[in-house]
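Which chain is which? They are A, B and C, in the order written, and residues in each are numbered from 1.
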Amino acid sequence: MTLHAFDLLERVRRQQPVVHHLTNWVTIYDCAQVVKSLGASPVMAHAREEVEDMVQIASALVLNIGTLTPEMIEAMKLAAKAANRKGIPVVLDVCGAGATGLRDRKCLELLDEAPIGVIKGNASEVARIGGQSVRTKGVDAAEVTGDLAALARKLAKEREATVVITGKEDIVTDGARTYRVANGHEMMTRVVGTGCMAASVIGTFVAVERDLAAAAASALACFGIAGEVAASGSQGPVSFKQALLDALYGLDRPTVERLQRVHG
Amino acid sequence: MTLHAFDLLERVRRQQPVVHHLTNWVTIYDCAQVVKSLGASPVMAHAREEVEDMVQIASALVLNIGTLTPEMIEAMKLAAKAANRKGIPVVLDVCGAGATGLRDRKCLELLDEAPIGVIKGNASEVARIGGQSVRTKGVDAAEVTGDLAALARKLAKEREATVVITGKEDIVTDGARTYRVANGHEMMTRVVGTGCMAASVIGTFVAVERDLAAAAASALACFGIAGEVAASGSQGPVSFKQALLDALYGLDRPTVERLQRVHG
Amino acid sequence: MTLHAFDLLERVRRQQPVVHHLTNWVTIYDCAQVVKSLGASPVMAHAREEVEDMVQIASALVLNIGTLTPEMIEAMKLAAKAANRKGIPVVLDVCGAGATGLRDRKCLELLDEAPIGVIKGNASEVARIGGQSVRTKGVDAAEVTGDLAALARKLAKEREATVVITGKEDIVTDGARTYRVANGHEMMTRVVGTGCMAASVIGTFVAVERDLAAAAASALACFGIAGEVAASGSQGPVSFKQALLDALYGLDRPTVERLQRVHG
């Protein structure tokens, strides 16, 4: 499976899709800016009274439960159902799953009530959604033993979704095909928000390509490559984050094709 | 009409007015920092139970509906009425008007229930508030046909307000006088939050000058000039935003007087 | 009282404690990133339904009332009581106290209903909590006359807490011992969020050291030193903030021991 990550990035820049978010209050700016840096158009709106309307102008929906409340989850359900009716993909970042009972329950409710195209998290978050008992450190990844790809494939089949596990090597699978994305840089773990941004990048790519697994793997390749480019000149985590968002904006075909490390 | 934009900036730095915001959760930090970079004192407070109290220590009020909820709009009405009673100006950023029915209805409610000194948006947002049917892309500007200045003047007269339409050339009018501000840089459209920050800069300038049209035009001239200064050294949108906020902090009279392009 | 500030920073980096926040929407990202820059693990969660659970994985709790609502205060009370039961320290940033009646009442309610380990604010905020009538400028410090150290000691004894007054010279006291921390840089007052970040740095240090006064003074010394390091190369307030967060990440023993200015 050859992946043409840059072709999809070009399509994003040409089509400039609107990507609607219901997300957390910590990284909401970075989620918006990463979409903008890709050349697309972010919109963040969470009022129950307007999310269904907002979905009508969007090409993808990104949900992130980082600072969930029961009210926010209800708005997410409305938005996800509207997205399903309209036929646009939904990306769910199961941010912090495993940390509290509320998170686990609300993730499962979302998955039960509205088909989700892409389920994304780090190893311990996805393991928890897959039914394993895990120890977490809140929103940072904890150790998970066992075969992550098998875990992802099992969940993908159960939920008829593309499952993404981010980590040193990202795993992307729709149950049939599995991509491993080896791009990225260790500095990405030192910055708050790279996980959330990754979900928004995936949301932007699935907005222009309905092969969700290929789109998600392409998204993570581009995001990881931008991280590699950014790492060279940065002085610490925050200058790195700025360089990452700038690098994504400037990414060109030679750089992506030279650095892309995706195994299908 | 000669505009002395730098004189107003100096007055801001000397008086350090408190600028109270009820704004969105995406760009709330940048709205606060842009006020701080100007030398003034931002305060962000949205609880229904305290907004009227907070207005008492403020010299201007900025409302931005970017992530509105019905509860937030109720708090905005309380704050706007308190500002009217106190005699301080209110700036309303009609962020995302045209994208959903909720936004349109709530903007009109705000305008009907409390006099607003400055109504600010991009072309499609202001057109929508002026009663036109428009297609929007959420919070990014969409094409609007017709004479924007005439549209702004009409709305200004109807609402007895100063109307600001931001764009490649900003239009500022109180119905009688119309300023066109040609400062700014294309990179400002690549960053999330420049629109919201523009409203906060306007809020800071009207805090020290009650000729609202002159104050708004001066604000946009200074903000645009900072963008021009920032563009020279930046590597992409996010380093540009940082340079913009730093440039605003360092803006001096020779730079403003050399670069100011306002036609009255 | 010799303070070994860098020893505590090393302990933070080694133990990587989870620091749970219920904080404001303006600086929530910076509060999370400052914890991450120190090598610890921030988690931000405010739903009434999960704060008690989240406290179970945390080593300290930071409360900041910057954008309080009555609902948020109720969640803070639940979290603080859970933290007390678990025996982890609670830091309260009385952000904006004195600006409105709501803030004053809710701060006192919090202090009355759950023991708070560290009460932190600028001079006018802490004076207000100590029962003085003060004039404030919202969240920026206002002039307070009188002996700040005496004020802090009095409040510390009344509340059986460590009290921190930030300013040109920070004061830290548990009623018995008083530290004065002379580190820091004037640029820290030009950036939105340094006050909030200071509370999060304190929260991170008390997560690894139960001598709260020593931990808080060490935290402020490290934070101030990072500010001094950052000031040399920055172009304005926002590049300064980035350099500050990066400097904190890179802080080493020789730098801390050379620059530390704490008087016990």
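Following the convention adopted for this analysis, a contact is a pair of C-beta atoms (placed from the backbone, for glycine too) under 8 Å apart; a residue touches a chain by one contact, two chains touch by 3 or more.
All values reported here derive from a predicted model rather than from experimental measurement.
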If every chain is a node and each touching pair gets an edge, what shape is that graph: line, ring, star, complete or other?
complete
Interface residue overlap between copies chain B and chain C, same or different (over half shared)
different
Report, in whole Å, the distance between the mean C-alpha point of chain B and the mean C-alpha point of chain C.
33
Which residues belonging to chain B are in contact with no fewer than two other chains?
25, 29, 242
Per the contact definition, I'd like the list of chain A residues that touch chain C in the complex.
24-27, 29-30, 66-70, 96, 99-103, 136-140, 190-193, 234-239, 242
Of all residues in chain A, which touch chain B in the complex?
16, 18, 20, 25, 28-29, 32-33, 36-37, 41-47, 49-50, 53-54, 57-58, 241-243, 245-247, 249-250
